[in-house]
C-alpha cells in the first residue's frame, strides 16, 4: 500500500456517520410512472425528442444535448410517454420533464448488451471512447454533474499525464461509491483503463480516503491478481479529511501540483473522474448502455434501514425514503446529496437524477443551535479554508455588495466546500454570502469579458 | 509674565495672519471654475444620490443636464425619476417633458395567509441567494421571497417588510419611483408604474407566468391567466404575458371593471373612494373598500 | 406535508460555538483564581464577583436600553472581561474603583464598537489602563501574598512592592538580597502583585487546557515569551549587574497572564500564523522596553493594547496564501 497522502491547507473533519457502508446494493423496483427531468446536468437542459403517446424502449434517447456543456438523456424504462410537462425538482422550481408510463418488462433499445458478463477487452480507440461517453450522456456523478466527455477532451497543446479516479467520498454519510467499489471491482478497474485510453495516458491513480480500508485492500489485491490487465493503475490511500474529494484538493494530494487560480485541472496534466462515472463509462463503452441508473444512498441518523439502492432515474425520492424504512418523525431537513455540499429539498417527491448521490434525512438535533452571533474574528474559517481564502472577509464585503473587493480577494476560487461555515463558532452563514458574492462577481466578470 | 503673554500673542497672531494669506493665495491659484448653473440645477434635485437616473449621483445628473443644454439646447432623455425636471429646465432656460410621478408597485400578494409556508428558510437574508436554493416559502417560483433585498437597497426608506404578510410595502409618501428596487428584485416583482390620477391605479398583483393549475397549487390569489379581465376591459389596456394578465398603465383609465371580474382577486385598485361615482360605475357597484396601499381589494 | 428547513450547504456544523469558547477560557482561569483566593483571601473573591457582575450588568443595560438589540449576556464574553479585569488589579482595590473600571471596560472598551467581536482593543485592558492612569496610587499599591491559613480569610492585606516595582525603584542588588523574591516564590505565586498574575503554574495549567481544547493557539504566547526571553537575555549578557536574568522576566509581572489569556483574545489579535508571530514579537519588544527603560514598572498591558491597534494592519498585510495563485518565479 502506498503511504497515505493528503492536501495540507485547511480542511475539517466532520463526523463520518457512514451508516449504510455495510448495506449491499439493492435493485430498486420501479414504480408505474417515471418522471425523467430533461435538465440532469450542469449546463443547458437537453431538448426533448419524443412526443406524448410515443412508445420508448429502455435506453432509448429521449433528450439530445443542447450546447457544448450539456448531456443526452435516455429513457430509463420501457413504456409510453404520458406527457412532456414540468415537474417540481428538489428546489421546488418547475423543470421540464418526460413522464413515462412504464410497461411491466424492460425492452432494451437496440445495440445494448444486457448481460452481467465482464468484458475486459477495450476495442474502441480514444476518440471513439469520448464519443461513446458523450452519446451515453455520462456526467460527473459526484453531484456537480459536469458532462464527462467535456472533461475528457484534452485541449490542444495540453497533455494528460494522470487519470485520477476520485474515490475519496469525503462527504459524511454517503456510501454509494464505496459499495460500488466493493461490488463491481473488476468492472470499475476496466472503466479506469477505458478512461486512461480515452484521454491517452498510461497512468491511473485511484484516490481513496483511508476510512474505506476494505475497498483499498480489495482494489490492491485485484490489481495484483491481474497485473497485465490493470497495468499502470495505482491505489492511493488518502487521509480522511474533508474536502479530500474536491477536484483541486485530490490533485494536490496525489501529485503535489496546484491547479492555477482560474484555470482548469488539465493545466496540471490531470483528468479527475468520479467512481460512479467510471463505472458508467465501463457500461457505456463495453456494453453500449447509456446512463439510466445510479446508486443512491438513503441514510440519516434516525432512518430505520440506511440503504444503497440501484435506482433508475425518474423514481420519486419519497419512494426511496419509504423503502429505507419510511420518513422518521423527527426529520426537519431533507438533503439531496451529502451534508456538506448537498442541497436542501423543498418537496420529497422530486425525481432522482444523475446527480442524486444520496438522500439524507437530518434530524432536528443535528440542525439545532444555529443561532447566529457576532463574528469574533477567531480566524477559524481562514484556517479551515482549503483554498486559502478569508471567508470572514468575503462574507463582509459580499454583504456590502462590494464586488470589486470580492474579486480581488479571490472569491471566484471558492470551491463552496463549506468548511468555513462548518467550523464557524458564531454560526454565521458564511457560504451563503460567499455564494451570493461569487454569483454576482462572476456575472460582473463575464459582462466585462464580453465587452 | 506680561512678556510671555505678549510674545505668545504676537507669535500666534503673526502665524495666523501668514497662514491666512497663504490659504488665500492657494485658494485663488487652484480655483476650479465651475458653471454656477450646475449648483443651481443640483439644488432642484432631491440630493439622495439614488442612481435611478443612470448617473452616479444628483450632481452628475446636474452636470449632464448643463452640458447637454449647452450642446443641444435641450435636456431630453435626462430625467430624475422622482422630480419634476421642469424646475431644472427652468434654471437652464428650457422646458422639459411633462413630469409624471411614478411609484414602485409590488406585484405579489403571496402573503403568509394567501400562500402558506411549506418550508422554512434558514440562512443569509438575501433574496438573490435564497432564490437559487428554493422556489419560495409558499412554493411559488415567481413570488416574493420576503427577505428584503429591495428594502436594503432603497435610498429613501420607502420600503419595509410587513411582518404580518411577509411582503414589502411601499410608502407612497417616500417613494420617488427611482426604480432601484425594481432592478434589485431577483424575480422582477417590483414594477415602476405611474401614480395615476389622484393617486388611483389598478394593477395585477401577481407576477406568476406559469399555467393556472400550477399557480392555484401554491397561492390563493395568484393570476391564473383566465383572461376574464382582458375581455372585460373597455379600453383594451390588458394584455397577456404568458399566463399573466398585465395592465398597460398608458391605456388604463382606472375604471376598475377588471377588479370586479377577477375570480382570484389578483387585480388591485388602490386609493379608490368607497363608492365610486355613478357615471363611471354601473348601479350594482361592487363593495370596493377604501384601501391603504397594497392591501387587496375584497370584491 | 412536513415543514422542512431550507438552508444553504453545509448542513452539518461543528459543535463549537462562541459561548463554549468563552466558558472554556473562564474555566481555564479558575485554577489561578483559586490560588489567588488562597493568597489574598476574601479580597480576591469579592473583587472578582464585583467586576464580573458589573461588567455583565453594564453590557445588559447597554443592550437593553441603549442599543435595544438582542441580549447576548449569556455568551460569557462580559463575564470573561470582568474576570480578566479583576485578575489585573490589586486585590484590595476599593469597590467603587473596580466598578468604574468595569463600566469603562464594557461601556467604552467594547459596546460602542458594536459589542462582541467588533472592539479593536481588549476591553479588560482598556478598563485596567483607565484605572491605572485615573487612580495611580490605588492601582499600584499591591497587597502581598499571605496564605489564608496563616492570617485568616477576611484579614486585611499587607501592602508591599511587586518584584518589578522593586527592580524599577531600587535596582537589581536590592531584589537579589531579598530572600522571598526567589524564582520558586515567583512560580508559585508567593509574591505581591495583581492577584491573577501571581501564580505562573496555575496560569500555565489553564493555558495547557485551552491549547488542548484548541481554543487558543500556542503561537502568540510562545512568540511573546521567546521575544522577552531573548531580548532580556541579550541585556543580561551585556551587563548582568544592571539587568536581571531573563528567566525572572518571564515570571515577573503579568507576562504569563497577558501572553496566554490577553494576547490570544481572538477579537483583537491577528488571524494568520505569520500575523500572530509578528503580533507576539511586537508585544514582547514593547513589554521589555517599558520594563527596562519606561516609567512604569510593568508594560504587558500597554504592549498588548499598542499591538491591538496594529492588528487590522497586520491582518491586511499577512493574508493567507491562496491556493493556486503562483508567485512569479525567481530567476
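Should a chain be cited, it is by its letter among A, B and C, assigned in written order, with residues numbered from 1 in that chain.
Following the convention adopted for this analysis, a residue touches a chain if its C-beta (ideal position, glycine included) is under 8 Å from a C-beta of that chain, and two chains touch if they have at least 3 such contacts.
Because the structure is a prediction, the values reported are computed rather than measured.
Novice: I'd like the most central chain, judged by C-alpha centroids against the all-protein C-alpha centroid.
Specialist: When every chain is reduced to its C-alpha mean, the one closest to the whole-protein mean is A.
Novice: Per the contact rule at the top, check every chain pair and give me the one with the most C-beta pairs in contact.
Specialist: A-C
Novice: By CA centroid distance, what chain is farthest from chain C?
Specialist: Between chain C and every other chain, the largest centroid distance is to B.
Novice: Would you kindly tell me how far, in whole Å, the mean C-alpha position of chain C lies from that of chain B?
Specialist: Going by mean C-alpha positions, chain B sits 53 Å from chain C.
Novice: Could you put a whole-Å number on the gap between the CA centroids of chain A and chain C?
Specialist: Spacing between the chain centres: roughly 49 Å.
Novice: Taking each chain's centre as the mean of its CA atoms, how far is chain A from chain B in angstrom?
Specialist: Here chain A and chain B have centroids separated by 44 Å.
Novice: In chain C, what residues contact two or more other chains?
Specialist: Counting only residues that touch two or more other chains, chain C contributes 1, 3-8.
Novice: On chain A, where are the residues touching two or more other chains?
Specialist: As it turns out, chain A has residues touching two or more other chains at 343-344, 346-347, 367, 370, 429, 432, 435.
Novice: Can you tell me which residues of chain B touch two or more of the remaining chains?
Specialist: If we look for residues of chain B contacting two or more partner chains, we find 118-119, 122-124, 129, 133-134.
Novice: For a test of understanding, state which residues of chain C touch chain A in their complex under the given definition.
Specialist: 1-14, 16-18, 20-21, 72, 75, 114-118, 266-268, 270-272, 319-326
Novice: Of all residues in chain A, which touch chain C in the complex?
Specialist: 9, 12, 14-15, 172, 248, 252, 258-263, 327, 331-335, 337, 339-348, 360, 362, 366-367, 369-370, 373-380, 382, 385-390, 392, 410, 413, 416, 418-419, 421-427, 429, 431-432, 435
Novice: In their shared complex, at which residues does chain B touch chain C?
Specialist: 117-124, 129-130, 133-134
Novice: In the complex of these two chains, what residues of chain A are touching chain B?
Specialist: 86, 88, 91-94, 343-344, 346-347, 367, 370, 429, 432-433, 435-436, 439-440
Novice: Touching residues of chain B toward chain A in the complex: what are they?
Specialist: Listed in rising order, the residues are 118-119, 122-124, 126, 128-129, 132-136, 139, 141, 210, 214.
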